[in-house]
Amino acid sequence: MTLAELAPQLTEIARQCYARGWAPGTSSNFSATVSRDPLRLAITASGIDKATLTPAEIVEIDGLGRVMTGSGRPSAESRLHLAIARARGAGAVLHTHSIWSTIISEVAEGGVAIEGYEMLKGLDGVATHEHREWLPVFENTQDWAGAAPEVEGFLTEHPDTHGFLIRRHGLYTWGRDLAEARRHLEVFEFLFEVIGRKRG
Amino acid sequence: MTLAELAPQLTEIARQCYARGWAPGTSSNFSATVSRDPLRLAITASGIDKATLTPAEIVEIDGLGRVMTGSGRPSAESRLHLAIARARGAGAVLHTHSIWSTIISEVAEGGVAIEGYEMLKGLDGVATHEHREWLPVFENTQDWAGAAPEVEGFLTEHPDTHGFLIRRHGLYTWGRDLAEARRHLEVFEFLFEVIGRKRG
Amino acid sequence: MTLAELAPQLTEIARQCYARGWAPGTSSNFSATVSRDPLRLAITASGIDKATLTPAEIVEIDGLGRVMTGSGRPSAESRLHLAIARARGAGAVLHTHSIWSTIISEVAEGGVAIEGYEMLKGLDGVATHEHREWLPVFENTQDWAGAAPEVEGFLTEHPDTHGFLIRRHGLYTWGRDLAEARRHLEVFEFLFEVIGRKRG
Amino acid sequence: MTLAELAPQLTEIARQCYARGWAPGTSSNFSATVSRDPLRLAITASGIDKATLTPAEIVEIDGLGRVMTGSGRPSAESRLHLAIARARGAGAVLHTHSIWSTIISEVAEGGVAIEGYEMLKGLDGVATHEHREWLPVFENTQDWAGAAPEVEGFLTEHPDTHGFLIRRHGLYTWGRDLAEARRHLEVFEFLFEVIGRKRG
């Protein structure tokens, strides 16, 4: 799909996430893959309020994070979107800042294990509630150009991962397309809230 | 009522449940009885996102769970819908995945007793807040064809039951029609949240 | 105001309360005073789903709770609405079933004291946050014809009360008109949630 | 911008805050700077329900809090809006009463330190999550004419402050314009909820 086709879809997803409190202020960013060879992503520009996002605020970047089409600066975290697109062949990447993902990212040590819930079957390839999902927690940084290769390496080595957290920051999840990425987002947000409230 | 009449009503209920966070991702399924002899249910097809469900994604199944009308695969859990329709003469069955029903299903042992709340009077046949409602918690399984008869047996032996939980999975409730089933759903969700927050 | 004028306003308030989760299932009832001499109330009929309430489901009752205009049975709790209208000269009475009022009604002993919050100034006649508001908790009953006089006596003796709770049941609050009653409702719900979460 | 231009914008912000539960009853007030020399603010009149606020209920006041344009009495807290406009050159000031800001204002001692969260980067001038934000908690009073100079002095001496709390009352935050003030509000509400839930 082209930037022109993906931009309204990303805008709609961003609006839904904002409405649910998962993208407050100018936080969060959302991308979808325009082409794989060469790699091109449609991605929300940096510093945009998700409550009022318009398709014109979605830019197209290349594999080095340079803007190919559209005006606006991509977020430093576009490096993570590119890493996920490369390592996992993702068609869409959603990065959100919810209350519960922030809390879980803070209290977890190296990662979060989630096991035994029916809701896990909403994750691609998971056929039973007996599945054990493990999300790593990466430390936050302001240098994603430097840190993204570590994340990309991890995802390449762990192809069964569906998401990860960044400490006191938020969630990254993805899917082969926007619908699957959105389903993964809902699954993880649900499970974080269950775990967070049980602990509370 | 026919499939054509029930499908839009089931779609509307599903949409409301999704909006309230009770049917995230592709979870949850909803049915209504088309005929009793032979038994026919209108039921949401498996793996459909409830945020975007359309009437065309409701199928009609027979008493063995085979699709009679419509395209789409019914969920393995249609066995439980059929069991409830048979054991309790239900006109509608709602199965949801909420945060609080998941938490309650996890912390309860064999079942949950709820007693002394005015809200209990929203359940069919309950005339006083002094009523004691008991919901069994069944263990989760991926083999509902095998496990549904046990549930059907329980419901036949306990005709005063208004709902049950599946461990780390969610709630089943029902009613003589969709309006009553929805009322029961609201009553149970309210009571689970009260109990869950009190415990928290 | 006449029944015809008040019914749409009560319907709108009920719809708002339902949307906020304060009137699940067929719970809650709402009234406004049509005339004082003789006493006449417009009140929601019993057993009506507040999600789909229409003005035709509001009836007019006299001071003994008998239906004067409209079809439908008034709730047994209309006795409490009449008691409040008489003891406090209320122009509107709102009775809701929220999560937090239910929890507070259960953990409080004879009543709830709320003190020191700026939000208290939203109550009629309260000019400083240093105010101490006291809400009695009455035990629940299914015989309100018998129990309403005790409530009426209490309210007559304590003219500074703005609301009361019924154990494991919900809140009653009122005002000189629907706007003031709604403001009192929002004030109490806010304060119950603050107190409930602090305790949690 | 003129009062006529700002009033609809303030009305819209108030409506959003009401919908999110941050401005219940007649609580909260919102202002934007019309001119700096002489100082003029557009501000919500006192005692108005934010659910039904209209642009006609926004008045223009001068630097002494006197109404220049419009009918309606400004809140006693307009003194704080003026103090913030003077000390920080704010173009907009938002004062809200949320559940979590009330709880945090009650449990904090002299102030609240928030550190290490990515969301802090939504505050003007904050470039890293390693930032430590400190919000003072001022004691509540009914004499803001007397107390506002202390607040103004504090803000002048601490130009890096983005907001403050009033004990058991609520939050004040601001920005160079309404969009920035709203972003700051969302950032603080998010962080209060994270901190409050973690503590819970």
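Read from first to last, the chains carry the letters A, B, C and D; within each, the first residue is number 1.
Here, a contact is a pair of C-beta atoms (placed from the backbone, for glycine too) under 8 Å apart; a residue touches a chain by one contact, two chains touch by 3 or more.
Computed from a predicted model, the values in this text were never measured in an experiment.
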> chain D and chain A are one sequence twice: same or different residues at the contact, by the over-half rule?
Replying inline: different
>> Suppose chain centres are the mean of their C-alpha atoms. Which chain sits farthest from chain B?
In response: D
> In whole angstrom, what separates the CA-based centres of chain B and chain D?
Replying inline: 46
> So, what's the distance in Å between the C-alpha centres of chain C and chain B?
Replying inline: 32
> Which parts of chain B, given as residue numbers and ranges, touch two or more other chains?
Replying inline: 200
>> Under the stated touch criterion, can you name all the chain pairs that qualify?
In response: A-B, A-D, B-C, C-D
> Quick one: in the complex, what on chain C touches chain B?
Replying inline: 21, 24-27, 49, 97, 99, 102-103, 106-107, 140, 142, 166, 168-170, 196, 200
> In their complex, what parts of chain B are in touch with chain C?
Replying inline: 116-119, 122, 127-129, 179, 183, 186-187, 189-190, 193-194, 197-198, 200
